[in-house]
């Protein structure tokens, strides 16, 4: 029996719970082993980003809980096929964590796939990876993408540019994962 | 271009939000068109079933919101490849809705696939479809399955018996959907 | 001074807080000593089942907290006049606890009164005690009662059949406790 | 068939939900008809006063909901055997409602029973009825009682002084209602 | 460099979070050192008192959290220029704490300023300091003020009478702090 | 009597409630008239950003509610002395509103003061105003400031650079408002 290929998921407290659970379950269904890395091994306080009548932006509420598998300190890039970065409010502070930025750059340098959805794209921006790239992301992240040289794409729900695959929001799961698995099946 | 095949999803207020969103996104990714039926067309008040330290059972909290697409009154069984019944607290009261029971029986009579996960299995039980069948479901639904002649299966996360595919909980998504898509790809 | 007669209350996390508090206070007022048994001695996380506009079923929210008095391990049936089983979401999982089922059967074998309200009836169903009995219970528990041979009674709020007294919901407190105290006053 | 005797309950938004529901159900069980009066006929936003580890006072959370039956404008004192005033945060503002104060004084002038529990005693204080009376009430209402001439009683859970019956908190239900029904059964 | 003059703030669990934070930040801006005293040194569970459509009184929700600096046991009146008492639900129980009442009386005896806002005025009432004084406070505290000889002032948002400065609610911050700083700048 | 000078406050749903209320009350105390502009005149759904043990970033909860005074459509820059931009999650989406960006640039072009705190700085970044400026802001906004040419300042709580005054978080209120009022008192 072949051992499952590993995909690294980078998130933490305030990560978007549906995006993280979806990634984890969807990868397992396809035979991959998702490994969730966070600032430490912990029961992460995830959030739910949803919409309510009367609000001019999304709302944030308590989400599902999940345990992280490893700490950022224990990531070995060589062990993974690719990295996947979900959204929520976590990428806002994770982009200040030098371990995260180094890991993401290492994936890029190793010519491995980088998948990011919604606010997860903020990590790619801070790692300096969106310059001249076509990028789909949450509309409120558009400014950050463009100010760092990226090309914000709309109305596509998800897009691939080189080894970077990005999706707008969790409503883009269908299109995003179609591309993700098309990439993974071709191998690196 | 071929029109997408339709899959009926039966739920309502108090349906489990992750199970419903997962079904909807996963089916779309695979090229199917999910149609969510509820007692009426409405913004459904979905719930989150999760676990917290210190509790002897799961907790229920406010979940994601979702609009239903059609009312139970407007279901035409012939339009669908299969029916999928998510869990949460919705099946408890939906099993008292004669429209739901009739629809589910009609899918069975038409020899179409019936997929149910977690508490969703309660609908199959009430429709009289679990007798002598191997059934995976939430452990707290085991009594109802067995008292109506079903055979509660464990530790499998999901199982197929004839045209009925059942899964334990949302943690069984990977195994459950592997079987679901294996069924759908063979056609009816 | 005569020692107060004891009534056993069976519940746990997710028990309905108003039903449990009402039982406890009402029994004390009448001079009985209620003893609350749960899976362990703990501060129980009780819930509130109530109704809100826009919902097709009841809502569940955080309820009052209460300490249990004893663990299921420490129940001596001979110490009690009767057992009372409140509802909420607790009976769903308590019916899987063999200690609970044994205790309830022992009360029945000892020809003592069994009182159950709302979802509390699920315990009687699993203990095999509703066959051929007239039973009042929450309407969403009707299927379970009938599939195990019970006769679901409506529109009565509460009913006595032999040594079993059942009530529909916490809105049936007045009728339910009238019967409960009429039974207790006659003695066993 | 004799028509049920009526008991007036005075409360409103922020009334304590367990105290109000308990009064309503307990009175019905005893054959009385409780009539809930509030500033208007409405779905009252009741609260839950409970205790949590780490707090130096009680906590307030969302309680059960209840409809009031009549507005304070429509109270006819002659229709009622007695008035019962539950606690919560409602009495704090209801004591500023001149309709409430007049009604309560009228009950006193008519030599009818006045029952009050927990913060409900604040209404009696403002109506000028506690002077020289023995009063049980929530410990944080003690100052108001004493500054208006009342005699704060402890550790009794409930006490009767003339036509006034008062109880400490909802934990005093057993003792409080024993006295309430002893009074009601003697008639006025 | 001159050491900042100290102002004592008296509060605790259920204190109104905006009033406490405002006092703390506003005093610091003006060069004073606020010292928050509570029943013990702890992370206080503060509340938010706000208004919602459909409610006949204010609502209480979870507020901001704050650490207290010292316990009531460690207050040395001589160290402070003045005392400031915010509102919320904390004053209701703090008025039963003899340490609080003694401290407040000592400030009065030392002819130092006493500032109180909203329900904070309840402490002044219990300390016997409002007799014959003009007092602004939350309208639901009016009865307590008047029953202890105070003169409830309206519609002024804040008022000074001798060494006592009081404000109606947190909406009175502008007028209240104008007077507070006018007092502090004149010195004692 | 001189008419109060006006200060424009730019915020909306998900604005940080303490920062907005503090600005409004503090400006009024100093004799200014704050005017709150939002996408429309509405009861804004404000949030609370606070800290909880066990979280690697701040938490977001329901905050105080506030009505906005005017819509962004009705801002006349000439009417105001200065603009103040509070934080929270509102600036993330407001920076995509071209009306907001134009207004902020107009204030700059008119050589008027721009005050921003916490995430409010995101608006200045998008308006292109932080280039070569010393900026204090929430640490998670640092990347955006620097990627657009600003100089992130720490550990100062607040800083003035030309006509731009910025503060780190609501914990910086004392230092921030000292500078704000020092600017306003000098006039433009």
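Going in written order, the chains are labelled A, B, C, D, E and F, and every chain counts its residues from 1.
Everything below uses one rule, namely that contacts are C-beta pairs under 8 Å (C-beta built on N, C-alpha and C of every residue); 3 or more make two chains touch, one makes a residue touch a chain.
Everything numeric here is computed off the predicted structure, so don't read it as measured data.
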Number of steps on the shortest touching-chain route linking chain A and chain E: 2
Chain labels contacting chain A and also chain C: B
Equivalent interface positions on chain C and chain D, same or different at half: same
Identity of the chain that, by mean CA position, is farthest from chain B: E
Superposition of chain C upon chain E: rotation angle, C-alpha, nearest 5 degrees: 120
Distance-maximising chain from chain C - centres being C-alpha averages: F
Chain pair with the higher count of C-beta pairs in contact (A-F, A-B): A-F
Between chain B and chain E, centroid-to-centroid distance (C-alpha), Å: 57
Centre-to-centre distance between chain C and chain B (centres being mean Cα positions), rounded to whole Å: 30
Between chain E and chain F, centroid-to-centroid distance (C-alpha), Å: 29
Two or more partner chains touched - positions in chain C: none
Pairwise touch network: line, ring, star, complete, or other: ring
Complex contact set, residues of chain D against chain E: 12-14, 38-39, 42, 45, 47, 54-57, 59-60, 89-90, 92-93, 95-96, 125-126, 139-140, 142-144, 147-148
Residue ranges of chain E touching chain F (in the complex, touch as defined): 18, 21-22, 25-26, 28-29, 48, 50-53, 61-65, 170, 173-175, 177-178
